[in-house]
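Next come two complexes, and both contain chain A; in the first it sits with chain B, in the second with chain C.
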Partner chain A sequence: MSAQDERTKTAGSSAVLLICFLVGLGASLLVGWVIFPALLYSEKEQPIDFSHVVHVDAVGDCEGCHYFRDDGSFSGIPDLSNCAECHEEAQGEDPEELKMIQEYIEPGKEIPWMVYSRQPDCVFFSHAAHVKMGEIECKACHGMIGESEHTDTYEYNILTGYSRNIWGKNISGLTSNTWESMKMGDCGNCHDEHGENNACFVCHK
Partner chain B sequence: MSLGRRGFLQFCLGAGAGITFSPLPWKLMDDSAIWTQNWPWTPVPPGGEVSIEKTACTLCPGGCGITVRKVKDRAIKIEGMKGHPINDGGVCLLGMSALYKLYGGARIKGPLKRAGKRGEGKWEQIPWNAAIAEISKELNQKRQDGLSHTVASMTGTDRGTVSQLFKRLLAAYGSPNVFTAPSLQDSERLALKLMQGDYASAGYDLENARYVVSFGASIIDGWGSPVRAFRAHTRWAEKAAEGAKLVQVEACLSNTAAKADTWLTIKPGTEAALALGLAHVIIKEKSYNKAFIRDYCLGFEDWQDSGGTVHKGFKQSVLKEYSPDAVSRITGVPADRISVIAREFAQAKGALAVWGRGKGTRPMAVHDIMAIHALNALVANINKPGGVTVLPDVTTVPWPSLVQDDIAKSGTKQPRVDRAGTDAFPLSESLFDQLPKLIKGGTGEYPLSVLLVHGANPYYTEHDRTAVAEALDRIPFIVSFSSRMDETANHADLILPNHTSLERYEDVPTPISSSLPVMSLSRPVVSPQCDTRHVGDSLIAIAKSLDGSVAESFPWDDYESLLKATLGDKWSVLEKEGYWKDEGYTPADWSQAFRNASGKFEFLATTLLAGAKSAKDCLPQYSRAKLKGEEFMYPLILIPCESMRLADGPVANSPLMTKTVADTVLKNDDLCVEVNPKTAIAHGLTDERMALLSTPKGKAKVKIHLFDGIQPGVVAIPTGLGHTAYDDYLKGKGVNSNDLIGMIEDEASGLDIAWGSRASLKSI
Partner chain C sequence: MKEEHKEGVQGHEGGAHGHGEKYKFGMVIDLDKCTGCGSCMVACMTENNVPYKKNETNKLDSITWMRVFKATNGKPYPDTDICYFPRPCMHCEGEHGHAPCVSVCPATATDYNYETGIVSQIYTRCFGCRYCMAACPYHARYFNWWDPVWPDDTKESLSPDVSPRMRGVVEKCSFCFHRFQGARDKAYAEGRREITENEYQTACTQACPAGAIVFGDLNNPEHKVHELKQSPHAFRLLERLGTNPKVYYHSTRSWVRRAGDNYLTNERSK
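Moving on, here comes the complex of A and B:
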């Protein structure tokens, strides 16, 4: 074989190796960025399609339903008795309202809402400290949920069981708004910005 | 081939680079961290509205107020009630463990009838009306047969409305055999009756005491009202600069001894001799309170009986027999130390002598208590700040008169089967410890046919447990009201499960050792979790189902209405605050304080004179305990070692408590006994190796724990373990010390006053 042939063969071999590298690179990027997130998260629909817009119009603000109790604790998602105050009987003809009355209010069964913002059990979070004392607006963490007309599909992590909203919809973890993720780093950053204590036991009691 | 391999490597290289620049590894690491910190099978209380309920702890006689934090109807956490006169915000491990009793294993979920052999654990679930009918049938039959007096009850305490209901049921039914679990209060009340004329428990003004000599009392390990005693100890430490001091008299280096200002190492069981030795020095140096002794005491000086014979009083008796040298030979405490402590005690303000070995739950010899209490009299620290007092019971509304038909009258006139109150033991009210001897030996007046057990676990808690079990097994019908499957419930024929302490109402009378009349209210903080019923309701239902006039003594609809009626105007305060206290209470002046015939504090117990062999027996004295077994076979002395981390009474340990026990006490399932290295050398024992512990009452395999804090020749065994019932967290762990320690009978009271046993240890 001539030297020329040798060089041609070597160049061809390098090209094949490069292609192999690129195929591996492309495949793994595909797995990492597309297939992995699709496998990691599963989806569920909320038991009732709920409109925040309708309720905010009727009640006035967030605190109409998500209120602080007398002892300072936060009520979170209203329980069935709150719903029944208005929906003991149907207010309209919306099939979702009828479904709620028939399946939950009449049998006295709590609605199994799935909470987009539920933190892991090892996290202690006080709404009073943030909303009352820190004067942080609801949307700083919860975004524009108050303006939603339908409930979002609930996506949850099949390993941890927690909502996708905690990590954020963007699998890269990059965000442009404070409400787009609710990870420990987000808490820590905000505490740093406001000069608050960032010791472990502040949140992990 | 070469290209293929290289190509594959390039592919892997590319894949590795790609993965690194994808979120996959970083996200998986994060998720793994979250997953491992939040195992999905770890129970987590549901979210919801939080509330705080006030109630009182009934798991020991301490009488603490507690608050229960709830989320919706789920109790989450127990804390001490701030402002409560006994514990003011403090809580102990056992008190915190009420949640385990409520939600934990071994709960009896509804009425059970025995289906297999006794103790076999085979049960048939029956409805409540059938369970009441079972007892009713049995009790009615006994009345018809003229055997109502053979029915007996055993309760953990004789205080409070529930134990009074048992007493009333048996009185209305026709039996004198009401037993309470033996306790220090039994002997303490006798001693105070003899010396001060009040059949009542002692109250100690611990908070204001400034020189405390503790004769074996585990002040910081569960003695008296545990949280209050613990806090008082802290206060003494804070006041150390002002001279506050704790002298701990104990055979081993307990937690209390370790924290005391002075630890007097003493031979086990000789505390009374030391007390009299201290008295000797105080009397000899004339440093006692002469005015109090002269004006308010009887029997201090020599006295003359009606026949003209002169008898020694306390003073001469002590001066003659209990010199520091003599006491040093008995107790092992150096004579010069005895003199120093006696002088300090006599000179201190708020000098207080307290009794009750360990947690102060076991009876002591009446004369031992008299000897220790004589020290309080010598310094006149009775009904004074920092001293001893005898509290009146908190007044309640009397119940309607008892109605007894002829059968009931005849039955209650029968002698008690335990001989309490008879010529044998005229002063005692209940002698459960006598029962095994009498039932097993067949020397009792008559056999018992039915035993109702509430708040007690005699199959576990009594000394010489094997003999107790054999005796109880001879009673044909045992009914347990336990809410958990303890040893006694496991041997019962019928179980009518009570609510747990967080599911029921109950009055909590003034706690033992309190210096202020206090009543607390235990009340349901959660709805019943199982098909259980309040024991008071069960008793009322049983009474109403019985023949004759029994039901007429039980006019109440249920226990709650009974309790409201009994507590009268205190109910509203108890409902609101959780406790009631007699704020205006002040102890009586000395001129009014002593209620015996002489109206004085009696060093010479005149009540005993009529039946005493000699006048000397009526004075405080030390008697050497007669331990069973020969010294050459059992050369060591075994003593129990009580700890706040191990519940050893009718309420058993929780998993939380067992978790806090060091592996020098319980290593896996092996119980460790404390042995001095010198003892180990003499008996060929090795640290952390197994040995056979033998006493005249039994044998057990134990692990050796070498400890310099215990005297040579003495072995300390932890109490509260070795259960054969309950759940996997408790059953089969360690050894029950009660299996190894036999009964020692107090001649004055008939109570079991065993503080230890002869023993041997052999390496295996």
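Moving on, here comes the complex of A and C:
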């Protein structure tokens, strides 16, 4: 065998190794970025397809339904009695509204909404501190939910049970808007930027 | 040299690191009023979702954020005297927030809040090494050896304001911090930044039938604790360790005050 042949053979096996490496890398990236997230998150539809647009038009602002109680706590998602104030009887012919009346309002059963922004049990979040004192807009954390015509599919992490909106839709964790994720780091960064206290017992309970 | 050090310290406290002290919550417990009834212990357990087991005979396993200890003067009848010491977490300030437990925690699961003077405990961050329990001279910290099991009919009465703990983490008294959060929420909603003395009181304070526990802001001259802690009969437990606790005790009996610390046989107590 000549020296020429030797060199060709070495170059050939290097190329094979490189191809194996690239295929392996591609497969790992595919698993990490596409297959794993698809397996990690399950999807559920909200019990009623709710339009914020219609309700904001009718009520006027967020606080009509998402109000502060007298003790300063925040009501969050309104309970059935709030809905029944207007929907005791059908306001239109939308099948979703009829479904809500028949399945929930008439039997007096609370609507089992799934909360996109539900935080773990150990978190204390004060709406009063942020909305009343800090004068932060709702959309800074909740995004454009007030402009949605249909409810988003609720995605949740099958290991932790937390909503996907907490980590954010982008699996890399990178965000370009403040409302795209609601992790502890996001809270902490904003507190840092505004010189707010970042001690544990500010947001934990 | 001493002056320089003092200046440096003031600079540190004066907000250079965002450490401006706003409140400094603390307690003054009048031991002459305490009857040892244990109401504070019961109130604390219900308020803070403190887990309990079917069999609580082994007190080393029992979790009691507030525990009443009994001390005696050791004298024979008719000079026998006893005193009950209710013991919550002392929320030690140490030197500038270096409480014994905070200093040793490798997970930063416990920290000193310079705004309230409260030592936190974050259960989801704790991994159960129990260094803090070893460091705490007051035995105020407890370990969850088991997951809590709530009898069915008591589940509904758990407080949603206090996060229940899981097996493998340490827990302790938080000065009912969730009540501060609630009071602050109410103040914010009403456009106030300050809370009043009555708006934030711990469960044990309110439960004490003898009115022995007084709670408030030690820095605020308008709060009762501010004056009470300056009494010549006020003392703190194991004060000479330098833990700088925020729970003061009060007793007119000198043997009780002496029982609050370790003294040599012939040493004069303060």
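What we mean here is this: the second predicted complex is superposed on the first by the 205 of 205 C-alpha atoms of A that agree within 3 Å, B and C clash if a C-alpha of one lies under 4 Å from a C-alpha of the other, contacts with A are read in each partner's own complex, and residues count from 1 in each chain.
We adopt the following convention: contacts are C-beta pairs under 8 Å (C-beta built on N, C-alpha and C of every residue); 3 or more make two chains touch, one makes a residue touch a chain.
Keep in mind the model is a prediction, meaning the values are calculated, not measured.
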Aligned on chain A, chain B and chain C: do they clash or fit? clash
On the A-aligned overlay, A:A11 touches which partner chain: chain B = first, chain C = second, or both, or neither? neither
Could you look at A:A90 and tell me whether it touches chain B, chain C, both or neither (first, second, both, neither)? neither
Look at A:L40 in the shared chain and tell me whether it touches chain B only, chain C only, both, or neither; answer first, second, both or neither. first
Which partner does A:M133 contact after superposing on A: first (chain B), second (chain C), both, neither? second
Please work out whether A:D71 is in contact with chain B alone, chain C alone, both, or neither, and reply first, second, both or neither. both
Figure out whether A:F21 sits in contact with chain B (first) or chain C (second), or with both, or with neither. first
Hey, is it chain B or chain C that touches more of chain A? B
After lining up the shared chain so the two structures overlap, which partner does A:I171 touch, if you call chain B first and chain C second: first, second, both or neither? first
Touch check for A:C122: first (chain B), second (chain C), both, or neither? both
Just chain B (first), just chain C (second), both, or neither: which does A:F201 touch? second
Residues on chain A in contact with chain B in one complex and with chain C in the other? 71, 73, 120-122
Complex interface listing, chain A residues touching chain C: 68, 71-73, 120-122, 124, 126, 128-129, 132-133, 195, 197, 199-202, 204-205
Seen from chain A, its contact residues with chain B in the complex are 13, 16-18, 20-29, 31-33, 36-37, 40, 69, 71, 73, 75-76, 79, 120-122, 157, 159-162, 167, 171-173
Touching residues (chain side chain B, partner chain A) in the complex: 3, 6-8, 10-19, 21-24, 26-28, 30-32, 34-35, 37-38, 40, 42, 44, 47-50
In their complex, what parts of chain C are in touch with chain A? 18, 108-116, 118, 120, 122-125, 161-164, 174, 177-178, 181-182, 184-191, 193
